[in-house]
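One chain, subunit A, links the two complexes that follow: it is found with subunit B in the first and with subunit C in the second.
Then we have the complex of A and B:
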């Protein structure tokens, strides 16, 4: 790091909000796995920093009624074994290496909002809510809205809200080094057996996670919802429709050092087929809850 | 000041003290490295030092119109800005040929992205970085030459006064027109690998009172750096003193000068100590990489599988400056037929200048590229013949006495047959089943590969690698051994060489050799520096043989001197005094001679006669340049290796998991089995990296992936444990029968893994690294290199077929060789 800047270390959320109000737009430091490399390379200028690492209340996670709430400073390691949120846990387990999982946080993932971010892709499939808090209080945004608008300079992400799972969910990804890295393509699938629908998001392929709506509809229409099973070939068709959704997505990523675009859509289709086979195999679908 | 220290032998550690050759003595620097306390060059600090940064051209090819550093110089905290105008000596440097400017000069041309234009020293790194931004440079972008095939075309205008061809070699052995009934022909591409040593380039430059400069740095060859620096700084060599600081890996990437001259210039300009150190991105831009290669091969054989002929054409991209390109292409050409008996060989090789990043030495030095080619060809020939790939290789394995394509008879030993048989006989790993946890399937837990869609493949890679410098180079290594009394009056030996310890373990081996020869446990290695004569480069698998040979020679001479003194003091008869070793032995700190009834402590000998101080220089047997047809005894010795790779491939995603790697290697005599294992494990991992992921992507001269986020190195998740089967056959010409071991396995791991993937998916893989997309998308029909123009009539020997753009054959590596009269500056090209 090339510069010396002030670093504030609030101990509570209210103190953090006051500090942020005093210097809006200051860099929030959570795990630092994105921020520190960016400061080191000079990709981001060194500015005032507010560390969120001492705010214990932001690390809490819990369940109340139909909702699961995850504090912004929860790390991937905190989530990796959470049985109440199997899809989120699978996503957390797939991130980076143990070192990254021990430090990287939910809030940081939303702050960076990388189109390849694993968590983002899952949150899109889970239709999550993002809670942001500022001097005038807190407000909740849908994940899509959050990705479009982000948060104000005097606000920070304080929590993420997920509906309690109503069926199998999974997260699959392809990446270099046996997938111990940012994905080349990933697929989050959330099955809601109560509402008889699925949501599928594909990560790594465009400027933000891509929802495969036609593929989702195909499953909703063809699945036997009494058993939660797809007929033979439907998983295959689901994969094809997902691959198509990727190819036709707006601002789809081109060829890059990680992979050609054609590989990404192919891989997305394969992962979607696998995800469907795991989550929509009827009674055997329970297996999807296990890693 | 934290500085490079000696590596003492801890007195309390008897196990270490007892470490003689042949034992797995632990590294003396191991605990500090593991604990994080080892001082690497990057850790060097002195009070009051300045921090240097380098300004680099963002263009692959551009004329420098103007440089204005006025504003930068005026910034508070900036001590100096240096440009080409401030280089007092020769304006260019280079490992073999000085064709690379210290800084691209005004009016001159910058030839690659990252070429240095100026350097700044300031009170801290941040100020230095801001000063770089304040330097105004006006560039006139020129058309970049980035296709090596175009560069090889004589009609392409030269981008440097020395022309675009670094070296062109023609090898003709046997009947160049010979063909067999079964043929396989194809072209191959090898991408650009980086050495990616973990500790980036760093040095501390200290101005000296005598007008000279002292440099503490991480390098592979102190004296080569010293000579190049002195020439550019306009200083006599004795005023440029280099000391090796802790080196965090090298792999060839520290053979070339990068920051040395810049740091010294700034120290001399400011009169202050200067720390110059690169970050990863700058490191990727600053040092030369492994040569990307395009290769065409035609193998032909009898129907029984006897090789009749190998024809090859090799085009290597040397990038913007020569570095070691002329020597690399010689290795590629002479090794193109592999470890096989081939009566008829024709190879045309050329390495060219382009506006891509410069390429130079990297572990294997031109051999890994051709090994990828010839091993792919052997597998495809086996398929064409309906033969087992192992049987085909065994049938054609070369052995001692057989003729290499250079006409050189293979010097013994070369157990090619043995290494192949050893890996083929090793037990195969259990197959993947539905019970294999997802973590262990291709792509790991994230990808959840479907067990029914996983295919197992097995492949072999066999190779031979030359050891040490070639083509008549007068290679030497010097060691000094001093036997003296320490402060407590105890005898100890101080071993002093200029050998660069870059992680390979010379510090371990040198201690083992000295202890063995001197019969003394207390051995201290002095820091490597230029106060002693050159050790040569830590490269070409040469230091255990060369500097190890020098340490042995000096140790033996020191013992002889001790025994001579004792013999003289005992007034032995002249016959006995002349050969005191027949009567006397030095062991455990005492000279004894039961027959003569003698027992004298070494301490007493040294107390009476003063320290014993000997310096010896070791040389290997001479080699010879190749003739115009690539014929000649150009290499000293060879080592062979065979890898067997077992992979699982997910047919749906193209993800690969290397399940198992077995290596059988020709290791001569193992002086330290643990050290051998460390070397071959590292070499294997680096070969795996090239097979599957390591590629510096260069588009239109721009390097795209200059971080470890994008340039992928294999980790523990990718590299399975290695089974090593050492084949110990002492090399008679080498000290203790050793062979260099670091390079051979790098060359064979890659083709073995590629072959295993080919076996699993049934596709001919012609491009390395193999990417998942190459396994699932439609095959790429690109012809990577057209065949050479055939000239079945052998040319008369009077007509020289080798065009040596560098005048290498009689040039000595090092700076100061001016362009020869055969290289007039080309019209239209700029210096």
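Then we have the complex of A and C:
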């Protein structure tokens, strides 16, 4: 990078990639809900900035075959009413306030990768793919891989890919208040009635969302897959196993100003039980598709 | 407490230790409430809120938390309700910024402002410009919004004075008025 930092406003993805290649590691600016307050407090220095707001192709969302694709610049408000992706819509509705949902984007959530990010927790439960694009083209990473490795200095996140839902899904969270509040604990549950499995991720409890694998297996084995119903004692055990997964997560958060660790694991278990009640109530619970 | 120090004093570069780059500045145009403004040499990291208030002196937009949490700085950016403290000013260059002062008189804005005064929804008044923008935005999109929807739509606007009851009453009064009830 040479000269004093400035503001670039590319109008297409290819222009953005060229601009980024010319100043690798420049700050990408999407909605600004994380970046702008951080510049203000000095938590982040002002560097070369590349705004993504004018790149219309990054705002598209759509469905093709078995996949849903969400452009990196789609806002939470763009997703909050999307009937094809009920779990993603529920997650988007739980974020921030109307002002934040109108501004904050999918790409920004992945760029920040906050351990408490609501979207990340849902994307982990959905086993999403993250598409990153750079000068040599695009590549797709699993969400776990993306969170571990992130993207190169000359790349940006361009889209997220989700399998089209094959059953109910939901997202539940507990925070200090309903609005504009990061979760103390959150739970994303995705049911796949075709493959007869569930995926469950817990957010806010460790440095990354935690998958509750033993709890998932328990549901796969005990649910009545002809109706999609989980017996009450199995749902109770599911909650216990989720709480255990939190306590035994490798880098679990300790007591902090938001909550004691014991409260978090307890809350995760309760949220998981509630999520199961919504998504695994059997045929009559089909309306849980729209939580 | 409104902060006035935006950290944007370009002259501060003179006092930097040798070898440190000066704070980057940019110049651009902003369109606010239908008027064009030239912004010269503003700090690149400045939020839309700080440029509106401190550079352009448009103090109808209020500044309280600068973290996107309180809604007192709410404006419309190309018609969408946003917290201007989370928007980078230099990135708003080709957007239309609408503050409470520029809301269309043909929409619900006047009725909303009048109802706020009449119903006692204004006490210290600090949250009011942002509230009026948010209520006007809601009623333009959802004139018949029910109580739950109104609360949800205003959940990003914090008021420390009224306890919200008077604000909800003002919204209801505007809805009744506009429906001819």
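Please note the rule applied: the second predicted complex is superposed on the first by the 283 of 291 C-alpha atoms of A that agree within 3 Å, B and C clash if a C-alpha of one lies under 4 Å from a C-alpha of the other, contacts with A are read in each partner's own complex, and residues count from 1 in each chain.
Here is the rule we use: a contact is a pair of C-beta atoms (placed from the backbone, for glycine too) under 8 Å apart; a residue touches a chain by one contact, two chains touch by 3 or more.
No experiment lies behind these values; they were computed from the predicted model shown.
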Which of subunit B and subunit C A:5 touches, first, second, both or neither: second
Which of subunit B and subunit C A:263 touches, first, second, both or neither: first
Which superposed partner A:103 touches (first subunit B, second subunit C, both, neither): second
Subunit B versus subunit C as contact partner of A:158, first or second or both or neither: neither
Partner chain in contact with A:278 - subunit B first, subunit C second, else both or neither: first
First, second, both or neither for A:112, with subunit B first and subunit C second: neither
Subunit B versus subunit C as contact partner of A:40, first or second or both or neither: both
Set of subunit A residues, in rising order, touched by both subunit B and subunit C: 37, 40, 42, 97, 178-180
For the subunit C and subunit A complex, residues of the former touching the latter: 6-7, 21-26, 28, 43-45, 47, 50, 66-69, 71, 74, 80-83, 85-88, 90-91, 93-94, 134, 152-153, 155-157
Touching residues on subunit A, where the partner in the complex is subunit B: 2-3, 37, 40-42, 93-94, 97, 172-184, 186, 257-260, 262-263, 266-267, 270-271, 274, 278, 291
Residue ranges of subunit B touching subunit A (in the complex, touch as defined): 125-126, 129, 279, 281, 438, 442-448, 450, 652-655, 657, 693, 697, 704-705, 707, 709-710, 712, 714-715, 717-718, 771-773, 776-777
Subunit C-facing residues of subunit A, complex: 4-7, 9, 29, 31-33, 35-37, 39-40, 42, 46, 49, 51, 53-54, 77, 96-100, 102-103, 178-180
